[in-house]
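After this come two complexes, each holding chain A, first together with chain B and then together with chain C.
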Partner chain A sequence: MTPRSRWGTAALGLLVLATAFPFYWAIVSSFTPEARLFQRPSLLPTTLVLDHYRALFTERNFWVPIRNSLIVAGATTAICVSIGGLCAYALARLRFRGKAPLLGLILAVSVFPQISVVSPLYLLLRRLHLINTYPGLILPYLTFAMPLTVWLLVGFFRQLPAELEEAAMVDGASRLRALWEVILPLALPGLAATAILTFVYSWNEFLFALSFTLGPERQTVPVAIALFRGQYQVPWGQILAAAIVATAPVAVLVLAFQRRIVQGLTSGAVKG
Partner chain B sequence: MRAGEGAERREARLAWRLVAPALATILLIALFPLLWTVWESVHLHDLRMPWLGRPFIGAANYLEAFRDARFWGALGHTLLFTVVTVTLELGLGCVLALAMNRAFRGRAVVRAAVLIPWAIPTVVAALLWRFIFEGQTGIANTLLVDAGLVRDPPVWFIHSGLAWVPVVLADVWKTTPFVALLLLAGLQNIDASLYEAARIDGASAWRQFRYVTLPLLKPAILVALIFRTLDAFRVFDLIYVMTGGGPGTSTEPIALYTFNSLLQNLRFGYGSALSVIVFLITFALALGYIRFLGAGLTETRA
Partner chain C sequence: MASVRLAGVEKVYPNGHVAARGLDIEIADGEFMVLVGPSGCGKSTALRMIAGLETPTAGQVFIGEHDVTALPPQERDIAMVFQSYALYPHMTVRENLSFGLRMRGAARPAIAERVAGAARALGLDAVLERKPGQLSGGQRQRVALGRAMVRDPKVFLFDEPLSNLDAKLRVETRAELARLHRRLRATIVYVTHDQEEALTLGGRVAVMRDGNVEQVAPPMEVYRRPASLFVAGFVGSPAMNLLPGEVRADGVWAGPGGLVLPPPAAPGARAGTGRVTLGVRPHDVAIVAPGAGDTDARADVVEPRGSELLIYLRLGNDGAGGELRAVAPPEQQIAVDTAVGVRLDRERLHWFDEPTGRRLD
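Let's look at the complex of A and B:
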């Protein structure tokens, strides 16, 4: 090894350690009895108990926020990928006037701050009696998820060779049939990666879920964890157990699709 | 060429039909609410005092914001947080991307390791770091005392200055990996033969970095800079969970103050004025960067 590559390896080793430590510590602590959490904590666990996880799913009824999050994030993803997919196809592969401003609009909407639409969305949802309901979360979620989905899918559709639909259309297929029969199967990996990213963003969302729900019956996972309070003190053991439970599905999904996800996330930067 | 023109028109018509549902959604749930926010911001609208109605009061909400010390404080905190975290993240991200760009074993492990903090809920990241710095006998304080770095471990979250340390650390921990991935993608686009040519010319490692890597990486750096700045400027989840804006309002960012004005104080007119201000600043930042980015792009291409 040259000295330079040794420095690089050391930097990356440090990175992996720094990344992993908070997770390691949270996992260890989530199995540690509450009374010992702040008594001379040691890096290596001594007593491990399942109490916090048990309390999470019995006393805390943590299934409810998990169900809420699955429904809201699932529905948001389904709507965005289907409607956004059609839009992205047109933007990526059809010629029409107004395409550039449309792409600009979508990009602009995807970067504008969520807080700037909280007040009208709250008033609107209140008038429609949708506060503290599933549609009352799914609709606001489309504001950030739809532009994200379209933007990612445009990137994926553009990577497919241009001759594909032409060949199909020479064979007499219409443009829509070419989309359905030729492009869609090839775009499936890209669609899957996009769906996962949209799901992850919706699963993690906090501001809207906090603003537009009122009680535990419709709270999503991040809101439920953030508002965990004990009667007398902060129940850290349960909070950490919940944090691990909330993180696990996201971690699994992202690891399973890491190559595609990195490709989707970075394609914008590569094209400059 | 009438047939060709017909085909073109058919293609355009199909395109608009495919675009319509998504476009309608975006107009209805993003642009229309934005206009509504502007409308609310020039009215007095207090949900606690419905008998006042919703009279038009012109720029009064904005004038109130300009005289409001808590608003200026929140704006200051947001700018401080943005400058500090974005600088740290781009610096560290650049170093990590350069390290990752060298071929080595275990690359997949590193990529997985860097993706996970980025993918987890910000709320979770905030809680993990809050727990690490919690109390006088949390793990951070224990390690600091054991290492002999401090004698009297501080209670981080009751101190208006120290409370920022875990907040910034948590943000850097969560987003540096993402910046590194963006920059790595840019690095991998650089033609290896350029380095070879530089080496043949006898350029040192530093000169190679300065005159080959940096200029060619500029577009990727600018993209990362835009996304990180806009993201840091709207920081909410992290601080809501870690400090609640406290102690007092000493870590309250503008998004949290806006949220509190709306949903705690129920002052929808005033909160909407704050929302519009946040939007305008974000918009100005984005425009500024895009001009900068555009210039950067033509420069590297020339």
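Let's look at the complex of A and C:
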């Protein structure tokens, strides 16, 4: 092993440790009794209890924020991938006037700082009587999720050889049929990756969720966790348990689709 | 099957590039028409306009009696083989072959029968359940062919289908295509940049350049009577010698290296009319003893090509008169850097007007 690669390995190890330790610590702490949390911390857990998790789903009724988050993030993802997908396909393939400015505009929308649109959006949603409703979160989420989806998918669609859909159309398929039968199956890894990213963004979103919900019946996971802290105490054990519960579905999702995302489906389509 | 007609078809891209200027091409029912030309000559664009993948900016496209100019590809009843094959990578060979029939709503038993027939004809039986990624280049090419064959389209369009094959496979597939055409009696429009492929396959050949058709004729006529300087230089291998010269006031044509010949009897080549280019194929240049031919030259390079010798000559006694290529039988002894005589076959001379490049006679 050359000195350089030894240092490289060491640096890599440190990096992994630094990244993984907070997760480890959060998991361990979430199983540690509240009373022990602030006594001398030890790296290896001594007593493991399920108290925090039990409290989460009984006292706190954590199912409600989870359900809310699933509905909001799921609907946002579904709308983004279906409508954004069609939009991205058009932008990637069709020739029309003003395509470049349109793409620029979509990008511009996505770089707005969220905080700058909170107040106007609040007024708008109140007018529409959408405060503290699911659409009242889904619609604002589309403002950041849709540009992301469109940009990612335009890239994916552009990578697919145009000759494939030309062949499909010559073979008798309409453009939509060609999209459905040929392009979508090939774009699946890209669509899956985009859907997961959109879902994760929506799942983790905090500012809109805090601003546009009023009570626990519509609060999403991040908002619920943030509001755990009381006036006099911070229930760290429960917060960490909730964080683990909130991270788990996302982690599972990414791991489940990892191969799909990485796998290239296009091999053998054209020469080479 | 049906005829195809392009009537005054023009294609100007938004960036100003003109890919076709007033194309008029008629392809008869059952004809094998080859569009040939260098890259950028508009041959692929012409094919894509027949397919409906590009819309002409002016003019009309007819398939049979129908004006299809405004119809999308799926309503033109054509089949196309792409240069990249464009096989659907997520489908098996069987699904690839049946795709067109499924899109047109054919009945299941009919589909199975046609796919089986095409697979048998192309030797793809054993690979029907494989995906394109698991096939060799030649097999992919045949799947692309088969995908076009399973349907009974009005017209087959081929866009450089052989260019991704190695030389041996290309020659084999070329013969297979000729057989296929004879068997199906299909109308075929075939695009290639390879003039040899064009000559061997085409019932007729349309030579294109800069969005124009230079000549449409049967292969042997394109070879024997090229209509323009461009066609003369493009068709034939080794390429035709093109010797610039002029018809002098005394009525003879004077070219490079002291070459003097009686001019053609065409009205464009009367005494003193100016520049006329002589075209002569290397096969029509004979190497004789010095002083015994039309002029003398020096042998510069001799390339044995198996069945013949290709000789690069320098015209004139001093070898300063420009290059001339000649083909000689392999028995002939020609030493490099010696003086030889050259005799041009008077029956096989081609004369071209300058600067129009049109054939004179």
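Everything that follows uses one rule, which is that the second predicted complex is superposed on the first by the 252 of 272 C-alpha atoms of A that agree within 3 Å, B and C clash if a C-alpha of one lies under 4 Å from a C-alpha of the other, contacts with A are read in each partner's own complex, and residues count from 1 in each chain.
Quick note on the criterion: a residue touches a chain if its C-beta (ideal position, glycine included) is under 8 Å from a C-beta of that chain, and two chains touch if they have at least 3 such contacts.
On a predicted model such as this, the values are computed, not experimentally measured, just so you know.
When the two complexes are overlaid on their common chain A, residue A:Val64 makes contact with neither chain B nor chain C.
Using the contact criterion defined above for the overlaid structures, shared-chain residue A:Ile27 touches neither chain B nor chain C, since it reaches no partner.
Of the two partner chains placed by the overlay, only chain C lies in contact with A:Val182; chain B stays clear of it. Shared-chain residue A:Ile115: touches chain B; no touch with chain C. Within the superposed three-chain model, A:Asp171 lies in touch with chain C and out of touch with chain B [touch as defined at top]. Looking at the superposed arrangement, the partner reaching more residues of chain A, out of chain B and chain C, is B. Touch criterion met: A:Met146 reaches chain B, while chain C stays clear of it.
Shared-chain residue A:Gln39: touches chain B; no touch with chain C. Of the two partner chains, neither chain B nor chain C is touched by A:Leu103.
When both complexes are aligned on chain A by C-alpha atoms, chain A residues 95, 175, 265-270 touch chain B in the first and chain C in the second. Of all residues in chain A, only 95, 161, 163-164, 166-175, 177, 181-182, 185-186, 265-271 touch chain C in the complex they form.
The touching residues of chain A, counted against chain B in their complex, run 4-5, 7-9, 11-12, 15-16, 18-20, 22-23, 25-26, 29, 38-41, 43, 83-84, 86-87, 89-91, 94-97, 99, 102, 105-106, 108-109, 111-124, 139-140, 142-143, 146-147, 150, 175-176, 200, 203-204, 206-207, 210-211, 221-223, 225-226, 234, 236, 239-240, 243, 246-247, 250-251, 253-255, 258, 261-262, 265-270, 272. Of all residues in chain B, only 8, 11-12, 14-16, 18-19, 21-23, 25-26, 29-34, 36-37, 40, 95-96, 98-100, 102, 104, 108-117, 119-129, 131-132, 134-135, 137-139, 142, 173, 177-178, 181-182, 184-186, 189, 205, 219-220, 223-224, 226-227, 230, 233-234, 236-237, 240-241, 255, 258-259, 262-263, 268, 271-272, 275-276, 278-279, 282-283, 286, 297 touch chain A in the complex they form. Interface residues of chain C facing chain A in the complex, by the touch rule stated above, are 14, 51-53, 72-74, 78-80, 82, 84-90, 99-100, 103-104, 131-135, 137, 140, 147, 151, 157, 164.
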